[in-house]
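For reference, the structure discussed in these notes is given below.
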């Protein structure tokens, strides 16, 4: 039975708390938060204790910590937790600064403790089924990947300003998805962006609509489309063209009801946002972490994957400004 | 080159005229109609002559006639045309009276001339692909057939009164479809009907909504659903359950555009009515007739098929009134 | 907090135990089973106690019992539990004998305690969305309902023999669905059945494929299709034709991946069987029960609904043998 | 009645001959080809005469010419035909050389005769329905366009070598589609290409897989994906994201049959290639030409549109080599 400390008690921490508690091989022991009342409340709901982060990291009986606090704390907490001997599952991104993320990676590596980054979409049953079919050779050799990833509505401008920008905050999921599906890191990143959804987002120095092209050493190409606004719901789709066919992972719909009237044939919308769409993925992600830790295996999403996604975001940010392709190696100082 | 006389110059005759003219192996030579002006007009459009029916039947240079005049003339014209040595393609139904249809069948058989009944739906590319897949064993042994067949809107009451009733006028197509897909004649017919769409249809002695169950000697079952009104368009679908799977032929849509908005995901409606849906089927039907005549083969839909469908309609009409199953043999005097 | 005793510890009881435990307004207090070890195991999993049924019914601290034991115990346990003052949620069917079900209904009514019958499909999010759209007038006045309900594979012959037959065991769900959607009880039931899937089922006196037509006083019609075998998975669909359109509730699929190759465009199969398909419905059913009990309302599925479904099954069983329609009133002695 | 001369007698000329002959307002009068036998054969099929191109251009009775000869003859024939006073419908592209196309445009403009370029996809009923819905404001303000355009199989290397390259030969259709849907010309073109389908295509100096991003002055973005090989058929889809929703035009399928078995739920493939998919578009294109000519209106696709598409192809060709965005103005010498 894996004993787990949860760092953070916000909305996404609540999702993780359910996953930890529901898993037959793990128990939620303690919760910390900068807001002690929030920690109390969440801990109480699952029969755990509210403690300080230090107390959790110092408790030898706790095997693993799940970091779901704010982004700026991630890299420090990964370092502290691995130094304290804990296995770690940390929400994405590792950090908004690539330099800090690389330093964190180096420090964590020295401890030898396993760190998994919470790219939950890899565990979505649709995307993982597509990946399995591709790996199984069902469409031959893969050639061209397309990722459509639209949010239902833009966040407030106050959030935009501290988010690190669309590429680091939103598309980072899609960068990791490209790495997951392609099983490789791109050579170069070319980005085009626009603030056509909301001019205020542009005034805040960010884009809300973007297309990024990734090129791979073997000639494969991936293209990612992001928009901060798809009024019909969370639009999360993949298409992978291969030498023997095409694989598509389509949206999940709210229900299967179809209505035919004089105005057309209408089905339900996609599930509204990430909690609705990816709830099963959070449980599957946690199960994969528990399984890896118990077996002594490397977790299925590593700190390296977190760094790679961040480097891709960094390259895209530069490319969107310069208008020219950016070699991934150049942002990594290679 | 098959030389063809067309008996009738109404709307459906126009559809046939196009098919005859477009086929590389047939020419439209002459058109007759009780309204000579209509015959003139249609003939002129395709470089044919307007003549009397007698003149067409008496012209040794004409190889085949296509009967597209009113239903009450069908059986007489089949007899006259076959007696005159013509190959015949006759619109459904053979007759509204089963007795007259049987007499017609007997008379035509004596001439040895081929007669095909225009059950055009057998030539719909979707239904014929389903039939081919079933015959190819793709779902194993067939067990349960469902036919959904809804018209977009009821005809005028004046038409209802002379139509012979829903079972003989509308469901007769579906009876033939059941015979086509099942490759057999049912043992018994059980019908339930209602005039829920329009009370006036009930007052005219007919139903507008009906469910008919067909049972076959080997235990297979078919069910046909008819409604005179589906406001979203012509709803024409098949489902065949077999020991190894299910085959469905779905509706054809007006186009492939899908719109996702806050109110749902909306696609186009089914094609509006039989001319839109079955236009390719009329051309394929004619091609099948030409091919059979040229090869000296029995046409793919026979006068016997026309009689069988009419007998099923007769049985359904009786069953809908009595509420009890009617053996098909009983209406055939067997 | 509703304190709940669970009678039965088999597979479906386990599903209910999860629902009771996960609901914020109910606690699982005790579990009984004719196999005490099974009760111990299930109770242990959820922090409840294993007790005898009598002990559970006699415990004043227990507010409600959930009856998930074998069918032959249902009516006795409903009577005993209501007599002991408990609110009851009982798995379908009430009984295989209509006479016993009617007696149970009478006895339970005298106690004034609420009894809900577990027709879980009413709580399927797809079917309940269809019902809501229909009640909301989105397709005008309803006219023709079609229910497709196929199991993936037939049960063992040993089960068939004690099941009460397809109409009481399997189609009873669909009879209740018809009552739910149509909001009315049919006047007459006409059934056709066959043992085409497995001859041994016929030799055991049952059918494995059946079509039942229901007629309603206002002219509406419903048709139910059942097969014990759909090799592609659990096929559970509804279609409701109305004056202003059509509503369909389609199958839920295992995932949204679509593969296009030279052999066609292939999507995932429907979810395999009732546990996969209806798991969310069991939770929603329990929530509806808790809500009704807490509010002092009549539960959304009553003992009367259970009796109605059983009467429809009785009528269908008779009709399938006689070949003639059976008035629902006649089996109820009216 | 528009009297038409057809220049060219190859496969696509045959398609146009059918459209011209079937249209009630036009007649095919004469056909020319560098291979006189081919011209004879095609002319004979439609009751027209085989003549020399000069004879056709010199015949005052001929109102319009349809240029369907090889690409290298297009610009010369447009100039000669307009100089001879004919209205012109010319197959795409105007020329492989942007300079020659611009010169042709200038010369033709001086004659004042209408010239339409055969971007047939604008007349596909699905794409034109999407365009109409967008223009009708059904998804608000458009923001992001995606075009998926895959051929079923690459052409022979011999063709690749003279084709002008993927951007001028294949993607030129998609460049025009972007212009059609967006109603504007992009500011810059960024292209990424690869010869991953067939190394021999790369050795011939071309790419077989490409992604092109177009940016517009108002911040809108379009992305085009091309592959020379989609083994499942001709993949031709559009997606347009707007402020109020998403419009998609999906593939047309060979039929509507769906098969559910233990291996999944399989539908038909997309129609195989451009003749199958766009046959109705060729007829609609011709009808639009006839209508414009008769009304004295500018044709719906102009020589300017042909030049714009060619300039986009030129810019993409340069961008794919340099890796940097290319301003459209720069290739037009602006």
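Should a chain be cited, it is by its letter among A, B, C and D, assigned in written order, with residues numbered from 1 in that chain.
Here, a contact is a pair of C-beta atoms (placed from the backbone, for glycine too) under 8 Å apart; a residue touches a chain by one contact, two chains touch by 3 or more.
All values derive from a computational prediction rather than experimental measurement.
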item: Intersection of the contact lists for chain C and chain D; value: A, B
item: Neighbouring chains common to chain B and chain C, by label; value: A, D
item: Chain pair, B-D or A-B, that carries the greater number of C-beta contacts; value: B-D
item: Per Cα centroids, the chain farthest from chain D; value: C
item: Where chain B and chain D are represented by their mean Cα positions, the distance between them in whole Å; value: 40
item: Computed distance of Cα centres, chain B from chain A, in Å; value: 58
item: Chain C: positions in contact with at least two other chains; value: 230-232, 235, 244-246, 259-262, 268
item: Chain D-touching residues of chain B, taken from the complex the two chains share; value: 125-126, 129-130, 133, 138-139, 244-252, 254-262, 268
item: Contact set on chain A toward chain B in their complex; value: 230-233, 235, 253, 259-270
item: Interfacial residue positions of chain D with respect to chain A in the complex; value: 143-144, 146, 148, 150, 188, 190, 192, 194-197, 209-211, 213, 215, 218-221, 223, 225, 227, 229-232, 235, 239, 241, 243-246, 323-325
